[in-house]
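Chain nomenclature is as follows: A, B, C and D, assigned in order of appearance, with residue numbering initiated at 1 for each chain independently.
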Amino acid sequence: MGRYIIRRILYLIVVILVVSMITFGLMHAIPGGPFSREKALPEETIKMLEERYHLDDPLWKQYVDYIYNVLIPHFSTTAPTNSLQDDFLVNAKIGNVWFRWMNFGPSFKSRSRTVNDIFRDNLPISAQLGTMALIVALVIGMPLGILAALKQNTPWDYLGMGVAILGVSVPVIVLGPIFVWIFGVELKWLPPTGWGASPPYLLGFLPSELGWEFFRYAIMPSIALGLGSSAIIARLTRATLLQTVREDYIRTARAKGLQERLIITRHALKNSLIPVVTIIGPMFAALVTGTFVTELIFGIPGMGKYFVTSITNRDYPVIMGTILLYAVFLVIANLFVDIIYAYLDPRIRYD
Amino acid sequence: MTNDNVLLRVEDLVKHFPINQGIIIQRQVGAVHAVDGISFDIHRSETLGLVGESGCGKSTTGRTILQLYRPTSGHVYFDEIDLVNLKGNDLRKMRRRMQMIFQDPYASLNPRMTVGEIIGEPLVVHTISHGKAIERRVAELLELVGLNPAFANRYPHEFSGGQRQRIGVARALALQPDLIVCDEPISALDVSIQAQVVNLLEDLQKQFGLTYLFIAHDLSMVRHISNRVAVMYLGIIVELAEQNELYDNPYHPYTQALLSAVPIPDPSVEDRRRRIILEGDVPSPVNPPSGCRFRTRCKFAKEICSVEKPEWREIQPDHFVACHFAGELG
Amino acid sequence: MPEVLLDVQDLETQFRTSDGIVYAVNGVSFHLQEGETLGIVGESGCGKSVTMLSLLRLIPSPPGKIANGKALFLGQDLLTISDEAVRQIRGGQISMIFQDPMTSFNPVLTIGRQVSEPLEIHLGMSHKEALNRVVELLDLVGIPNAQDRINDYPHQFSGGMRQRVMIAMALSCNPQILIADEPTTALDVTIQAQIVELVKRLRDEVGMSVIWITHDLGIIAGLADRVAVMYGGYIIEEAPVKELYSHPQHPYTIGLLGSLPRLDRKQHHRLTSIDGLPPVLYEKPHYCPFAPRCKFAVEKCRKENPSLEKYDTSHYLACWVDTETGSER
Amino acid sequence: MRSKLFVLFALLVSMSMVLAACAPQPAATPEKIVETVIVAGTPQTVVITPTPEPKPEGPKVLRMSFGYGDVPTLDPAVAEDTSSIQVINEAFIGLTQINEVTNLVEPGMATAWERVTNDDGTETITFHLRNDVPWVRWNGEAVETVKTCDGSADRMVTASDFAYGIQRHLTPATASPYAYLLGFVLKGASDFNNGKTDDFTTVGVEVVDDQTIKLTFVAPAVYNEQIAGLWVARPQPRWVIEGDCDGAVEARGERWTETGFFQGYGPFIMSEWVHDSTLTIVKNPFWPGTDNIPSPKLDQVVFHMLDESAALAEYEAGSLDTAAVPGTDLDRIKSDPVLSKEYYNGVNLCSYYYGYNTIAPIVDDVRVRRALSMAVDRQSLIDNVLKGGQTPAQWFSRPGLAGAPTLEDHPDLGIKYDPEKAKTELQSYLDEKGLTADQLDLTLMFNTSSGHQQIAEAIQQMWKDTLGVNVKLVNQEWAVYLETVKGANTPQIWRMGWCPDYPDANNYLREVMASNGSSNPTDAQGKPLGGLTWFNQQYEDLVKQAAVETDPQKRVELYAQAEQILVYDDAAIIPIYWYARNTVTKPYVVRTFGTGGQEALEKWDILPH
């Protein structure tokens, strides 16, 4: 297993290199640059800006510099400065040497922030929202799917699957404003917008206070965001459970005289979880990063919008940072899935 | 010794599947010794039966002969041409003369192609015929294997297992091959259908002078269809003889055990039979036992069996066996 | 006269499919005596497995449905007693082993967990007691190092070993009836021999009755006391094993035996194949289901369905034709 | 048309006076205050109905929205967007101040200034600064003054701070996107900014003493006073940016605008900036309060960074005190009995227009350009598509800007919807070319957005109905679109909009439309590159002349002539509409409505409610 994890981490580096190269190439290939303005900037100004951000270097050098700044650990004896060009995600003092790693560069758009600032301030919120949404998706989706499967072709099944279809077909962009309107504006039960946690975060990503105040803000967006996923999980759970209960070993369990309850809980559920676990990895990555619309509707200061606005702004470091983040996230999420796999299914062993 | 009558000669054929491991650079840490040095030949218009239990390497042998797997070492002479050294077009030309029928008639037919397309495909690939000529040939082949030529436009799922196997036979016959490797062609079929397919194969052999390598685990059926039979165990052939000779005078203890294990559909016979029950399972082909492969399950095994590889010897005219004590055992 | 353990009468089972109702079992009657081994032979789809699953009410429902019949086990009808009562019998007094020992075990639970379940349910053992018993049982069926292997998962066993485990599990509660549903079909011939020997030995030691379902007439020949041949959801012939093999009367039985090559025979004769395909019955046939493939079929065969009648002492037959003369009976 | 004419300059100029009238009577019964305000010669009646309810006095916190997305910066040296400038305007007062409603120049940090035209044609303005404004910071609990290194005194805002601010802004390494604005007017600024010299003394900035600064401009233009007061020429705390007092004050570099480091001196000071979420400014008690920049009545303003729809929901839920109304909600707001009373429709100094590539086939003929322009029924577009109380645009420079013509003075200036004349013009072209209208191959391009799409489709239909012309619509993503429009492959007709950097017609007619304007780019030799691809010597002369004309009346006439060339004689653009702002404000908020995109929050108040 350890060997497998090491291999996956090395694989991650390959992913980063490939993804960064493709992104870098595409980003510079599309027309329009970070300094395109409605009111065109004078050539001299653009030159100044390009010099500042080293955009006047040859592309290969820009790429190599970028990879050097992001991937290669730096060691220095001087303390980190406040410069935006000198912001590393990892700063550790070992003896009197500073170990510094992952400098994603300054944002072009937010002139006093770096990509790392965005990771530090906004990513935790997206992670919190994504986690809550995933919990919602699982808490709603799995019981619904199990219920529908066990009561196949009964009103329970139709109800569950009806809810699931609704969840898939009503997107956040429709559901969100309805939630805001009903629970935020009309009933005033919950705040229409905002997020109940702000920096600094516990361990860098957890809300420092996990109280009612946090959940008051989190409930609506988590449900709005998680409902679509819960529908997917419900349908998948139903399908796999229905398939599992037709397996030979379920028949064997019945032939042994096992009680129905035991058959479902002990024999069927764990097996039917395996495909569900498979989609949880990419789903979590999508829930954390693909939250642009949810953030917009619920006014959540998360990371999702940077995936969209960085591209319209041609904010190169943010584009690179967000896309690499997504790639890393996806690989790590899938690694976790693999580990859970190995736990759920003894036939799977990695080495 | 050259024999004009030999169509296929296999010499010291070895096929190992490497087992790789490593974090970035994969290095080979072992190999599955699927086929570990076998030699035999097949005469024209003959059926050679190749029997053995699952995992013994009999299917790999068939595929390696057809160069679907490239052998690790050894030679496969087809009409005195060594297939192992052939590449590209030359190999393609030779492949036309060798076809295969697979075990699973469900999995081996592309579900999105019509039966006509499946049977006609080899003709198109090898640019044998075009357009109408293909249609005519497909109809002819369907008729030959006992299917209605009008079925050419149907899809595999519309057929039963036996019919699908007939389609597989028709596809194999399309290029008028000399050799057909039948890889467990009947084991997925119902009892009453098995006989249909076997009879068809026999009829076709008579009609076209086909040569078969018939791979199966069903010893009764192998005995029925084969002229000579080779018994495989863990990557090697342990015994090879003319069918009646092998069944009447098995020399190798494994052959003896195998034959005794086959039930005979006759209670009066069954009552009188003495079974040789082998202990345990077949060892792993990754680490095959030293010396004689069978020694771990052989009740006659002696010191020498673990030390020395038994010689492949002709114990009777045209009866070969690989056992140190063949002929000395009760 | 030995006691009749199981008496099945007029069992009918149907499946609702997208193509219509499939009539899988169409009025099957048989009985099983104490200490007896009954072989049930037939090709895939003939209804032999469905019959066994039906009488233990293991047919998935929907789509399956037991439409008619009785299955009297020690006087109580398995088809009408409560779910709880039939559950108590399953794995206790009547247990089953299945064809594919790979898929019939739960891949994510240990062997110890799975084999101990019947002991806990039917004998009320604690998990620990049950595990001790499991080790004994695995020893009994010839699993080496049983103590170490109870924590292994099914995929860590070879096919033959898995089937031994399956047998250990089936026998754990000393059943009166063991139903073996093609238990050796997926195994190699030498392993098959091991398993057959094992079941024979245990049967004789425990004294249980066995119903052995198979498509292989060879296995049954050396194993069963009595054989029933099924076709199209019916038993079409039933006789003591020697009688059946020496004097088969039904054209299907005759064809089946003729289509088998014999290892102990030299002659290179052509196999007598049965033309056509086994039927899938979308309606309950009002004629002999074998008639379309039968070379003896006469007019009556295509009009009326023969019922299973006494042909000779303890030889029963469902056929209108005398195969020796070729004339209507 | 005329009957429908809106009274454009109907603005609440002297809200502060109104406040003065009602502030002393917090518990008064509802009262109607009628104030007549005269702006640019237009009388307008303003009615305010405060409904005060007694409530224990707490801190007065105003909550409003900035729109979605983080505030890009609070650094005057690099700011370029309205939200950044809004905060900067409250924290750093310029030498001069532009009234948020009238857009007239008022005193800022300079109480008085003198303009002198030099012999070389340049102009020097001597500004006399206040001496009573200390630098302040938020210490986490309260606003405190910033002390000098020895701690003995407050750091006061001085002329040197202004000089430093200008220098930092112009320094090439700062890479300010707006440095060119100073470069355009301030003597020597362009060369310094372009790195031709690194000697700041060559720039027309001279610190005479702590309270006096002299700025020298390239020419005596009217807008010199405006630009001198803009965010491009504001002080920045050098000691925070670069460090001071022998390291006792740590250098924060570009991060000096973050929470905890930020310093300012205006009526409000930033106390907390939660990126992408909220930005809070608090009252600076040390701001002395002047006639036009009073000491704030609000204690705190919280800006939420919310999408317009989300902000409106918060407003309706009572969590925001004012919010913009998105177009999709206008009908609902207007028909709601409560919200309609809180609704306000006013001026926003922006223009929406279509430009022509005047050398592209077909539209290279002025008759076609004029015909298409006259065929646009602007009022119908506003009534049926926009629905936000916008004004049909007859020309480009939005009335309300200094120097811009007004509809009152120039009712017939420019171009209007005239289907008959449009048909005649086009027919003349078609006859000459021997073509029919449906043979004309025309393309209109806009940047991808549903709003632009709707407008383009409506105008496409108008062209079809009136002229029988089929115009293809094409859209592109914003940054790609900018390249396309301003490059060699400029489409025949393209969309653009403009809001002022500083409220003067020069910022429109010269900086956008004249040769090498932002919509009419040229290369270094003056050869047109794209956009309008248009050059008219007479137009160039007019806008240059107007820039230095000091007589306001004459100046307007010059711009009027230039507009006539731009939109009618040469018809290089199709002016479409002048923007409006749509806002809802809670009845307990006393406020003014800025027209140039900025609010003077120091003039606002919250009544007990």
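What we mean here is this: a contact is a pair of C-beta atoms (placed from the backbone, for glycine too) under 8 Å apart; a residue touches a chain by one contact, two chains touch by 3 or more.
Here the structure is a predicted model, which is why all the values come from computation and not from measurement.
The pair with more inter-chain C-beta contacts, choosing from A-C and B-C, is B-C. A comparison of C-alpha centroids places A closest to the centre of the full protein. Per-chain Cα centroids separate subunit A from subunit C by 54 Å. For the pair subunit B and subunit C, the distance between C-alpha centroids works out to 32 Å. Put simply, the C-alpha centre of subunit A and that of subunit D have 38 angstrom between them. Inter-chain centre distance (subunit B to subunit D, centres taken as mean C-alpha positions): 86 Å. The multi-chain contact residues of subunit A, meaning those touching 2 or more other chains, do not exist; every residue touches at most one other chain. By the touch criterion stated above, subunit B contacts subunit C in their complex at residues 53-54, 160, 162-163, 190-196, 198-199, 202, 217, 219-221, 223-225, 244, 247, 257-271, 273, 275, 277-278, 281.
The residues of subunit C lying in touch with subunit A in their complex are 53, 56, 58, 60, 62, 87-92, 95-96, 98, 100, 103-109, 117-118, 121-122, 153, 155, 166, 169. Contact residues of subunit A toward subunit D in the complex are 30-33, 35-42, 44-45, 48-49, 51-52, 81-84, 106, 109-113, 117-118, 121-122, 177, 180-181, 184-185, 188, 191-195, 198-199, 296-299, 301-302, 305, 309, 312-314.
Those residues of subunit C that touch subunit B in the shared complex are 43-44, 158, 160-161, 188-194, 196-197, 215-222, 241-242, 245-246, 255-264, 266, 268, 270-275, 277-278. Residues of subunit A touching subunit C in their complex: 153, 245-249, 251-259, 266-267, 270-271, 344-347.
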